[in-house]
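There are structures below to look over.
Two complexes follow with chain A in common, the first pairing it with chain B and the second with chain C.
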Partner chain A sequence: MKINKKIAISESGFVFNPTTGDSYSLNPIAAEILDMLKKDLSEDEITDALLEKYDVTASVLHRSIDEFIDTLKEMKILENE
Partner chain B sequence: MSKRKLTIAITGLNNTDNPGPGIPVIRGILDSKLFDARIIGLAYENLEPGIYMRDLVDKSYHIPYPSAGSDILLKRIEHINKIEKIDVLIPNFDAELYSFIKSSEKLKKMGIATFLPTMEQFEERHKWNLCEFGKKYNVKVPSVKSFYSEAELYKAAPGLTFPVFVKGKFYDAYLATNAEQLRMHFYKLYSKWGFPVLLQQYIRGTEVNVVALGDGHGKTIGAVPMRKQYITDKGKAWAGITLDDEKLIEITHKIIKKSKWRGGMELELIKDEMNNLYLIEINPRLPAWVYLAVGAGQNLPEALVKLALGLKTNKYTKYDIGKLFIRYSYDLICKLEEFEQLSLYGEL
Partner chain C sequence: MENYNMEKLNFERPIIRKINTGISNKFGMKTEFEPIKHIDNVGVKGLAAEYGSPVFVLSEKTMRRTFNDAKRAFDTRYPKVQFSWSYKTNYLNAVCNVFHSEGSWAEVVSRFEYDKAIANGVPGNKIIFNGPDKTDDDLNTAIKNDSFIHIDHFDELYKLIELAPKHHKKPKVAIRVNMDTGIYPMWDRFGFNYENGEAWEAISKIIISNKLEFTGLHTHIGTFILSASAYAIAASKLAELAVRIKLKFHKDISYIDMGGGFASSNTLKGSYLMGIDTSPSFDDYAEAITTALINSDIDPDNMPLLILETGRALIDDAGSLIGSVVANKKLSDGRKATIMDFGVNLLFTSFWYDHKITPAQDFSHHSETTTLYGPLCMNIDQIRESISLPPLKRGDLVVVSKVGAYNMTQWMQFIMMRPKVVLIDKKGEVHIIRHNETREFVESLEEVPLHLKKAKDVNGNKHKHNGKPVEIDSKN
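So, the complex of A and B:
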């Protein structure tokens, strides 16, 4: 999974897609996931990192990350492989 | 370097919720580091707000409506020119462009420079010629059908699919989702703008716009794409943001290169889900949001003045991406005497 190179992500979690003009505000966990995606971490590596940090079951986390990644693809923030 | 003094006459001072481009064009010119411009406002109505914006417009004159004919308009311009010695005239309404293009040689003889599309360019980009335009310049366009009478519409009605855009000859567009709405919009548009009324295929997608300036020889002097962020009930942008979209810039360069477009223009396009771009309209002048281009680094009104004066005009190659404009309304307080002066003497 690669983040669209044109996407601008600020430290405050504000995302701007300059091709579409859309902008989004991320909550802290979403910003954390996007930051890990930027560092080229795989979905499994992201899940492991979050499981270690937060009190959540693996199945719930997997589902949430999958949904979030689908949303990012829909918003053209993540490039489809 | 001292600025060159110029007198520039400008129309489109109707800075309302459906704004004309006059005021933003003036702001661009007044931002110029090359020109020290005296601005002459040319107005059709007494209550065009730009007339009363005395920090932007030095003097305003009434001019006759385009429907009065080119000769009457020219006589009025001749009279104004005797007083003001106009260097450049920038018309900003679609409906008046025909008269000004037709009169451009006569204006030149009066010493007034313009930089307008040729009559051929002006005619071929009409909404009712869009399909031919698309074929000629190899650009995707939605299908468009022109109707010159109610009878024609009734005849075609059973074969129509909804939704469909109903568009006026010069301005206004409504989305009709059924036959009843289509009839209502059709009557409204032909009573306001006359025939033809156009039915344009509805393309699902996002509207994007480009403001651009062509030098008349195929070169794009500048181009800035924008997406509307907030739209009024009249479909006008109340806020917008500059985009980074190479495809939009490419299509603009292609149209300007192939058509050798002369002057300002606004391209209105729809981008569908597959990223296909459909050209839905070409406005043959700078749009009311042109000041966003100025703010993003391309002073297209200034460049237009340079082209009109025959000065060397360099091409803009970049602009700021993610720059926003947000309109606002503002109450001007005016003296009754000002309104009286304009109403009685046609100038202020």
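So, the complex of A and C:
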């Protein structure tokens, strides 16, 4: 699972896909996750980092990350290796 | 561990949203920019923790303030004004007593409501008895108590003429008049029509019978009336009847009852603008009604008492529903859906309002469009087809505002049981004013015939022996 190399991600949570011309906005946590994915952190590592930082239960976090990653795949921002 | 959690940041579900450029969406207004964390300075989170979710919360302060706003609007324009609390809007006794303590009479439309008003200590001669279905016993009780009986149809009128002589006093009656006030739909199923002469016929019949005391004229032109001018037309037509009664029968009527129907600041479904911008104020309604009465040909020295039965506009703002997110889902076409722990069973008014729904915790400025469903296993249980909300996760709290009217009377015990209702008093103290229902409460009215009792009770230990479900003999 890797971020599509052509995708441009700004620090302010703005995503641009030059292939389709689509732009996306991210909320701060989504931007944080995408940043970690960019740094090749695994899903487990991302989960651990967020659990440490945020007031959230593991089940809610897992569910949220899974859903988010599915959405990224649907949008072709994430690709299976 | 607890302390450690305190220092952690608020978690918002991660979302990514495609940016659509082009003409901005005129319906894209965000619901709210600030969370509602407190109701009358009482924490929403604490309320949900102590009284459960969902829970209805009523603000006594808002009720009294709204009532006094309405009263001021009319009192400053007309010499004699009387409010009468519309029981059907919210007949929790605590709520009724807030309005009674402010001087409201009771306006009831059934024996159930009538008896509630009496039990709340309202004197019989301060109860207005409306509605199409009054039994002989209801009428006799109302006559005995000197209540004002608003006659809905000729069958009731003739029945009253029949019952009156047994009472050694004339029952105090008014007629409900329906009329064309230029609004649609015209409510012509209640009372006697003005335009076709039926109302005049009823008035003549009452006065000529000499068995009833004709006290007043009543109308209720509809509900959630967004045009104050419709009330001016209604008031003028009732004033014309009053003048005609004076001319023909030399009788001054005691009161004109303009009913209710004032809109609250909720937003009706399909409305382009927010309700707060479109609903007339109490001053608008008061100006229309009182100007019409004062400018009529009624003798200025004998102006009738002006009675108002407004309910919704007095209580809607004072009610909130705290609820929480059960789940997020994706529908077959990719749309988002959010399931809440309250549905149309509790929020009957969601059939016609787009309620203001606000998260109770901090959120970023990001939002997503979702469909809000209730918890019932029923397809109709949809609170909002499309709403823009910050990304909510399971357990997050929301506050539905302006739900004080009708929800706590039209709610359904369907699949789920009704939750608690609490009242925050003027000092910020929280009181339970209706407990949540329990299975025992719901079943307390049921009877199960002996042959349909639990199989193991009927068949003793047979059930335990073979471990198979015992068939109930329906022929017994």
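Here is the rule we go by: the second predicted complex is superposed on the first by the 80 of 81 C-alpha atoms of A that agree within 3 Å, B and C clash if a C-alpha of one lies under 4 Å from a C-alpha of the other, contacts with A are read in each partner's own complex, and residues count from 1 in each chain.
Assume contacts are C-beta pairs under 8 Å (C-beta built on N, C-alpha and C of every residue); 3 or more make two chains touch, one makes a residue touch a chain.
Just so you know, these numbers come straight off a predicted model, no measurement behind them.
Colleague: If chain A is used to align the two complexes, do chain B and chain C fit next to each other or clash?
Modeller: Aligned on chain A, chain B and chain C fit with no clash.
Colleague: Counting only touches as set out at the top, which of chain B and chain C does A:6 meet: first, second, both, neither?
Modeller: A:6 sits against chain B, while chain C stays out of touch.
Colleague: On the chain A superposition, what angle, as a multiple of 10 degrees, is formed at chain A by the C-alpha centres of chain B and chain C?
Modeller: 90
Colleague: Specify the partner with more touching residues on chain A, choosing between chain B and chain C.
Modeller: Between chain B and chain C, the winner on chain A residue contacts is C.
Colleague: Between chain B (first) and chain C (second), which, if any, makes contact with A:15: first, second, both or neither?
Modeller: second
Colleague: Quick one: smallest Cα-Cα gap between chain B and chain C in the superposed arrangement, Å?
Modeller: In the combined three-chain model, chain B comes within 5 Å of chain C at the C-alpha level.
Colleague: Taking the stated contact definition, name every residue in chain A that is touched by chain B in one complex and by chain C in the other, in rising order.
Modeller: Residues common to the chain A contacts of chain C and of chain B do not exist here, since the sets are disjoint.
Colleague: In the complex of these two chains, what residues of chain A are touching chain B?
Modeller: Against chain B, the touching part of chain A is residues 6, 8, 16, 18-21.
Colleague: Report the residues of chain B in contact with chain A in the complex, numbered from low to high.
Modeller: It comes out as residues 206, 226-227, 229, 240-241, 243-245, 321-322.
Colleague: With touch defined as at the start, can you tell me which chain A residues reach chain C in the complex?
Modeller: 15, 22-30, 32-33, 50, 53-56, 60-61, 63-65, 67-68, 71-72, 75, 77
Colleague: Once bound in the complex, which stretches of chain C touch chain A?
Modeller: Interface residues on chain C, with respect to chain A: 5, 8-19, 21, 328, 330, 364, 366, 391, 393-395.
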